[in-house]
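Structure first, commentary second.
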């Protein structure tokens, strides 16, 4: 697929939710100019807080069973109710944020690093370009969830393996993006000049390429983070993801799905948390893209 | 709301005219029974696999020489009569006349002989014993075949008619000639329904069509015995792995009968005016905490006792069955409650308050030093998943370093057969359950056998247990049988062959326009009708 | 142009080969011995070896790959470990529901999302614009199965308007077909709609700010006509592109949607195969989906020349 470069990263912007306003101090001004970053960032911040401080937020052991107290409705004692093994759904959901965030951030990081490396190699070493890009085309022509599913079928369920599987499914897009930046920058006069003057490749990468890659890369990484969270939940939901013994949002929903008619809260709470988190990350990505590179939104 | 549905249906018919009509009439008609089985029918070789769901489908396609009735007594089915020599060493059977396979060929004695051969190769408990004692099994004429044994085998009819898996089904000789370790690829039988292979979508649906050449016996049907009269032209098995979807489909009238509704959804089904719910199998099931006796820590009886006294059957049953206490009871024994041989003798370790401190001490005495204990959990089967989760919690409480391995039921099936050390792909614990019908006495009870290497997975070895089992086989009357079972129960409990996690029953649910659904360890389709 | 088309078609061949090699490697490194699985619980090691040899599992990697690929070219994807049926047969049985689901989803998404995007661009900056865009972000922040259960709960169980589960072939009537498929299509289509609506809006805004549109405006072409005729035509390329790329999300979503609504399609086949580690089936399905995805994107590329004759390669 030779023309299929545009992607989530290049997806168009959200509207400016608030109109232009006069600057009332730098912070307020920033909020006015980038409302989506603020809303998204705030929500992501809250989720990170929850993940880190889960043990101190009125939770109990999220894996402790109490079959005699199973499927209790939400109450003052069990804020989100209990599941079919009598585990506290509130505690499970809070602890579950750890899995989602770890998977989301790790995949964003690994896919970016690996993708950047491959993209740089491909952009600088002409001889390898075709081979690498064909390989990326091959990987990209397997739908990401399907690829992740197939990879999970090969290994024992563990959070690490989920991260690896989703990273493999996501990184080719990054490598394409980075390669594109490299190719366009190579033609810039100052880069050509640097090459002509004998500057070593690592220096060129460090000085000229990476700084210019950073903005689109950050945006792309944010969207990868969001999509990785959904993929993790989906994998767990169909039983091919995070080990069931670990409370993750996908696992809680998978276990509660059979009872959604009678005990909808078991599925409902993790679903809300997942959706809000993914939404927050997407908002952050939209805002970042607008803030870092307004042209990107129009560059389709 | 019914009005609105009716309206929509009318609109549908009006809008699409003749095209839509056949389907609606088909679905509404009483000629088709739509059934949600307990699990997917992934293959259809009842000798190759011991899955209950395959046996249940096979009951429609293939007929049996003998079939058990409600009292689990074998009654002649394909057989017209038999003759046993006084020493129980020669058994001669004569087939009913007029039996036909679905391809029109007559059922002959050599078909029965080939089918018995294949079955004996795979059935470890009864078929295997017959095979060991066998001098010859031969077809005497087209309708007669004969066993000649080197030692007496008085329980021959129980073996030929056993409903526990693998069950002896009679297949055409060419199919029965298949290597017992390979799957058959043709599903031709002489049972009341024929399998529509071209419409089979594994994982989604399996279709059976009435076989008009079937000649039912004259007697009234009783479980697997008597006249198997089918009142439907088609029986459609719809595979719906998600309990919520299945329950909604039954409430909406999209299916007629659901074999294993989740107990948690039963209150909801009971509210539905068109759905009836009842216990499915009076003999119920026994939950099993299966231990590998070959490797530490559980090669030491003290470590096995540690988990035995820590097992809270209330917890297991709550997790497996739920809040409905009419569905389960604690089971301080190995045999099916409410059957003649049931006993609680020796069951003290499973009664009363759970003693975690003593469990820790026993573990320490056994020399346990925090090695990882591999727990295989089939997460795709609700009963095994729930038991596994409770066990993980329990082991943690008594200080065991548990390694929870989430797998699917098929993989557990392979892994449990491995005798390798737990650290090299073997295992320490897995969970399953045994149908109560298979636990009424030691003959079909493969899980209680303590013959070591040839025993069921976990390979328990206890001469005392084997001695007590032999005592039951030799018991001349019921009183002696009871005495033997009492001692067997205690011996097995002391040796901790496995730990029963409780006795539970399941529900079945059907639309109220269906009648004739009976309680049995398998779905009985004959004599069921639809208004 | 024909040269371009030929080149473009030729360029998919190495991609398909790569996918095949990759998918084959999956099976090759898969844990668990298919021979042991086929042999069953009570087989002896000799039985397993015999089966392994009969399946040709004892030959080297490349030999097996080319043998496998040769069979694929002849339409043979191997045999399922669990059902003992040919994989091509299992796939063929399940194609109709999946194709139906995806087609309906595509139609729904395109007919809803493009107008949404156009209106949002037209009413740029108003509450309509914001509402459309919020819905779009929500659309791809919510997992398909959550949307599916919510829809089933409301429309099938509470309101009782539609069936909860199952699939009816279109050959049995359009209305029953649609009744079964409408909820899954909406659930599956939401992500897709979100993508298309966003891209439509963005490109429309982009196009609207360009010179020739301003010229058209100055010439007095009516607002509505201008929007649709000029702008949409020029926005077609990115929209078609995202339709192609988004197809991956559609395939991924179908896997889950079919499980939720008990639709006997390829998605459920995939999930079942994964849970049972039925590698030949996994291979076959992944290969098929990837092949379709490559074809769709090939089609998209070829469509460019149709939509935008200015594009020359």
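As written, the chain order gives the labels A, B and C, with residue 1 at the start of each chain.
By our rule, contacts are C-beta pairs under 8 Å (C-beta built on N, C-alpha and C of every residue); 3 or more make two chains touch, one makes a residue touch a chain.
Source: prediction; values computed, not measured.
Novice: Higher C-beta contact count, A-C or B-C?
Specialist: Answer by contact count: A-C.
Novice: Can you tell me which chain lies farthest from chain A, using the average of the Cα atoms as each chain's centre?
Specialist: B
Novice: As a quick test, compute the distance in whole Å between the mean CA positions of chain A and chain B.
Specialist: 45
Novice: Using the average of all C-alpha atoms in each chain as its centre, how far is it in Å between chain A and chain C?
Specialist: Centre-to-centre distance between chain A and chain C: 21 Å.
Novice: From the C-alpha centre of chain B to that of chain C, how far is it in Å?
Specialist: Taking the average C-alpha coordinate of chain B and of chain C, the gap between them is 40 Å.
Novice: Can you list the chain A residues in contact with two or more other chains?
Specialist: Answer for chain A, listing residues that touch two or more other chains: 239, 257, 260-261.
Novice: Would you please write down the residue numbers of chain C that are in contact with two or more other chains?
Specialist: Those would be 157, 259, 275, 277.
Novice: Going by the contact rule already set, what residues in chain B reach two or more other chains?
Specialist: Residues 242, 248, 380, 408 of chain B touch two or more partner chains.
Novice: State the interface residues of chain C toward chain A in the complex, per the touch definition above.
Specialist: Going through chain C, the ones touching chain A are 8, 11, 14-16, 18-19, 21-23, 26, 29-31, 124-125, 129-130, 133, 137-138, 140-146, 149, 153, 157, 195, 198-199, 201-203, 205-206, 238, 241-242, 244-245, 247-249, 251-253, 255-256, 259, 270-271, 274-275, 277, 279, 282, 285-286, 289-290, 293-294, 297-298, 300-301, 304.
Novice: Going by the contact rule set out above, which residues of chain B touch chain A in the complex?
Specialist: Within the complex, chain B touches chain A at residues 242-244, 247-248, 262, 264-265, 267-268, 314-319, 322-323, 377, 379-380, 382, 385-386, 389-390, 392-393, 404-406, 408.
Novice: Applying the document's contact rule, which stretches of chain B touch chain C when the two form their complex?
Specialist: 1, 4-5, 8, 11-12, 15-16, 19-24, 40, 42-43, 48-50, 122, 124, 181-183, 185, 201-205, 238, 240-242, 245, 248-249, 251-252, 254, 380, 408, 410-411, 413-414, 417
Novice: Going by the contact rule at the top, pick out the chain C residues touching chain B in the complex.
Specialist: 32, 36-43, 47, 51, 80, 82-85, 90, 93-94, 152, 156-157, 159-161, 163-166, 168, 171-176, 179, 259-262, 264, 268-269, 272, 275-277
Novice: Could you pull out which chain A residues touch chain B in their complex?
Specialist: 63-65, 67-68, 70-71, 84-86, 156-157, 239, 243-245, 257-263
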